[in-house]
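Take a look at the structures below.
Common to both upcoming complexes is subunit A, partnered first by subunit B, then by subunit C.
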Partner chain A sequence: MGYATWREPFVRVVPFAGRYSPKPHDVIVGIVQDVQKTFWLLDIDASRWAPLHTSGTPWEPGPGELDEFLRVGDAVLVAVENLDATGKIGVTMKGEGLGKLSGGTLAGVSPAKIPRVIGKGGSMIHTITQLTGTQVAVGQNGRIWVDGNPDGILRVRECLRIIETEGQRSGLTERIEGFLRSTGPTDDTGPHPPRPESVDRRGPDRFEDDPSGPDDSPSIPSDESHEGEGPWET
Partner chain B sequence: MGNVGAKEIPELLNAEGRRIDGRKLDELRSITMKVGPLTRADGSAFVEWGENKVMAAVYGPREVHPRHLMQTSKAIIQCRYNMAAFSVDERKRPGQDRRSQEISKVITEAFESVVFTEEFPKTSIDIYIEVLQANAGTRCAGLVAASLALADAGIPMADLVSAVAVGKVAGRIALDLKKEEDNFGEADLPMALVPQSGRLVLIQMEGHLNRDELRQALDLGTKGCREIYDRMREALRAKYDTPTSAVSAGVPA
Partner chain C sequence: MSEVVSAEIQTTHIIDLARAGRRLDGRGIDDWRPVTVEPGYVKSADGSALVHVGDTAVLCGVKLEIGKPFPDTPNAGVLTTNAELIALSSPTFEPGPPQPEAIELSRVVDRSIRAAETIDLTKLCVTPSEKCWTCYVDIHCLDHTGNLIDAAQLAALGALTHATVPAKRFGVGEHDYPLDVSHFPVECTFVRLGDRIVADPTFEEETAGQGRLTVATDEQGNVVAMQKGKIGAFSPEEVVETVERAFRHGDRLRNVVRGT
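== the complex of A and B ==
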C-alpha cells in the first residue's frame, strides 16, 4: 500500500506505512539492546539493530567497560552514518546535539508522520515546545524524547496523538495551538525554565582534554533535508 | 459401531440448485475486511468470512529469533496459524498441532513467492494468524487477512495473495464451502492465487475429483479469488479514505 511511480519497465512504490527506513544523516533515537566488547547495539525501529561503535562516541572505554557509559535500556540520540549493501546501519554519536538522553520520557509516532511533527520550518515543534515548556528531541525514526514538567509531557503526548490520527488534515499547527491554549496553564511566560543541558554528553569520566572535542568532530550536516530543522527544540 | 455419534447428513443441494445456506454454486459467503485494527503490530487485518472470524498481525522486517534461522541474502518469513480454543464447537486443545503446523508452512510458502524478501537481508517478517471462530475455509481467510496485514505493514510485494476454497458438494463443483459442505461433501480444494500473474501459490486437496472436475474447480476458484482480490483492494483503500481526508489512497491515476 503506497504511492506508485512508473519508470518503465519498473514501478516504484513508496509505502504509506512501515518501519523506519534509514537514510544517511538522519538523526534518530535509539535504545540500547546489547552491549558488546567494542560497540553497543541499538534498537532504532528499523528492520535491523544498529551498531554504535565506541569510535563514534566521545568516550574511550576500554574493552568491557562499555556498560559504564551506556547500559541496556538507555536511550541515545544518534545520527545515521552509513548504510552498506548487507543492510547494516552504522550510527554515530558525534555531531551537534547528539548524545545520551538522560531523564525525560519517550513517545513515538509513525515515521511517516515525522515531517508533520516538525512542521514547515519547524513551526509545529516550535509551537508545541513553546506552549508546553518542554524540551523535545525528534528522531526521524518516529521516536520522540520529551522532557519537562509532567503536565507538559502529557500534553505533548496528546499533541502527538492528534498528529498521528489527524495528520493529513490541513491547519494542523493551528489546531494544535488551539488545543494547547485551551488546555491548561500555557507557558509562554511559563514558570518552567528549560532544563539545562539534559543531553548528557559526558560519560562517567569525561575526557576534558579530548583534542577532538565533540563540537569539532566530523559534524553531521544540519538537517536541511528535514525542513531545515535540527533535532532540537527547547 | 455403525452410526454412533454420526449426525444426520443434511441436504446439501436442493432441487432449485440452492445450497444449505441458500447460496448458488458459484456464490461466495458474505465477507467483511478491516485493515489496521491493531495498533501495536506493524500491520494487521481482521476478516469475517461467513462465520469465520480471523485476525492477522504482521511484525517486521525485524531481527531474527532464533538467530540461526537468519539468511544473509534475504528476509525469512515466519508464519504462525493458530486456532483459538473457543473457535470450534468442541473445545480445541490449545497450541500448535500437526494441522496448524502444516497450514503455517503452506501459508509461509505462498507469501515467500510474492514478498520481496531480498530487500531486507538478515531480517524476519513474522505473520501471526489467529482464528477466533471457524467455519471451514479458515486457511483461506487467514491467508487473505495476512495478505492485507502485509500490505498494511508497508512490506513490498509483487501482488496481494487472494485465496478461496472450492469443493464438490452433492456431485457438483461449488465455491467457498461452509462447514456442513466441507464435512459431508466429496472434496475440498483450498487454493491461493496471485491475481495479476495468475500464478497459483497454494493448492491442496482432500477427497476425490476427476480431471474434468478439477479443471472446473480451478476455473471456479480462480474466479472466486479475483472477486476476493477486488474486495481486498477496496478494504485497503477504505483505511485511507476518511471522509475528511484530501489524500486519496492507492495508485495515482
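== the complex of A and C ==
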C-alpha cells in the first residue's frame, strides 16, 4: 500500500510501510554485526549490511584493533555517504552528532513513518522530547535512540506506537501532545536523572494545562505512586 | 536476516526494566497479553482455530483422514504435528526448508498434546493393523511478535477441541462426530531477563532473554511436558516457581480455549 501520484509517464508511490532504502546524507542508526580487519559491518535495517570503514571514523585503529572501538552489538549513529550501482551502501561516522550511541535504548517505527515522527520543522519530535524529558536521535532507517529516565523512554515508545498506527490522520502532533499531557508528568526520580536542559525546558507551565490536576505535582517525593497512570501499565 | 544481532543498549534496557518489575509494553512480570481463540476459523478444515496472543497470530488446522496404523502400534491412530513459519510473519523467517525454530515449535507442541493424551489414539483405530484415522495438526504462524510456542499450542488445542471426525465422508460410519478430547494441556513459556523470569515474552524479550523455559500443564494438575531453550540457566527453586506460575496461567487459558 502507498500513496500514489501520477505524472505522465511516471507513477510515484510513497509507501506506507516497507524496508528502509538508503539515500545519500541520511542519518541512520546501525548496529554492529561483524568486525573485519579494516571495517565494521552494520545492520541498518536495509536490504543488506553496510560497511563502516575506519577511514570514516575519527579513530585510527591498527589491524585487529577494531573491536577496541566498536564491538558486535554496539549501536552507532552514522550517515549514508554514497551508494554505488551494485547496491553497496557506504556509511561514515564523520559529521556533527555522529558517533557511538551509549546509554539509552533503541525504539523503532516503520521507516515510512519517520517524517511523521519528526513533524513539520521538527515540531513532533520537539513536543515529544520536551514533554517526556528525554533525548532522542532519529535515524531515517526507522531506528530511534532514546535516552532519559525509564518512564520517559516508555512514554516515547507509546508515542511512537501511536504515530505508527495513526500516522495517516491529521492533527497528529496535537494528539501526541494531548496524550503526553493527559498521562501526567514524568517520574523525575528514575535512575537516570534528566538532563539539566530538559528540566529547564519542561518548566512550570507543563503542569498548568495538566488535566490530572495538582495531585501530580512533582513536589510529592514518592513519585512512584503515579506510575500506574499511563496506558502502558494496563 | 535470521542472525541479526540486536543492540546491546536495547538488551540492557529490557533487563534493567525487568529488574524494576516493568516491561517495554507496560505489562507486569507475570502478565500475559490479551488472548483470543476463534475456533472453526477455516470452514474447509475438520477443525481449526485462530489464536491471537497480543499481536502474535497463529492459525491451526486439523485434518482427519483414513490411513494405515504404524506396524508397532496396530491399535492406535496417528497424530502428526507440523509447523510452518511463513516468511510473511516475521523479518527473521525466510522461505525455504524448515528452520530449526519451526522444527522445535512443532515438536514442542506435539509433545504436550501427545504426553497429555489429549486424544486417545486407540479410539482413532478403525480396524487394527489396517485402518485408522490419521490426525494432521498443521500450525501456521501468521504474525510473530513473540511467544510463538504458547500461541501455537493454544491454536492446536483449540482446533482439536472443536474438531469433527468426518466418518461419513470416508465411509466408516453413519454420521460425523466430534473428536473426543480427553485432556487439555496448555503450555506457558517464560524467559529469564536478568534475575527476573517473565511470562509471555515478546519478540524483543525473547531476543534479550537468557534462557527460556516452557511448561505444559494439564487440568488434573500434572506437568506433562517441558522444554528448555536458549542459552541460560534456571535454579531448581526457579523451576518450581515457574511451574506454579504455569499452572495459574494454564487454568485461565484452558477456560479461554474450552469456553469459546
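In the analysis below, the second predicted complex is superposed on the first by the 169 of 234 C-alpha atoms of A that agree within 3 Å, B and C clash if a C-alpha of one lies under 4 Å from a C-alpha of the other, contacts with A are read in each partner's own complex, and residues count from 1 in each chain.
The criterion applied here is as follows: a contact is a pair of C-beta atoms (placed from the backbone, for glycine too) under 8 Å apart; a residue touches a chain by one contact, two chains touch by 3 or more.
Note that the coordinates shown come from a computational prediction; the quantities given were computed from them, not determined experimentally.
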Subunit B versus subunit C, judged by how many residues of subunit A each one touches: C
Which of subunit B and subunit C A:P150 touches, first, second, both or neither: second
Contacts of A:G73 with subunit B and subunit C, given as first, second, both or neither: second
Partner chain in contact with A:T86 - subunit B first, subunit C second, else both or neither: first
First, second, both or neither for A:Y3, with subunit B first and subunit C second: first
Partner chain in contact with A:P15 - subunit B first, subunit C second, else both or neither: first
Shared contact residues on subunit A - subunit B and subunit C: none
Touching residues (chain side subunit A, partner subunit B) in the complex: 1-4, 13, 15-19, 47-49, 86-87, 168-170
Contact set on subunit A toward subunit C in their complex: 31-33, 43, 72-75, 101-106, 145, 150, 153-154, 157-158, 191, 230-234
Of all residues in subunit B, those that touch subunit A in their complex: 42-43, 60-63, 72, 75, 120-123, 151-156, 236, 239-240, 242, 244-247, 249-252
Subunit C residues within the subunit A interface of the complex: 1, 4-14, 16-17, 20, 22, 24-26
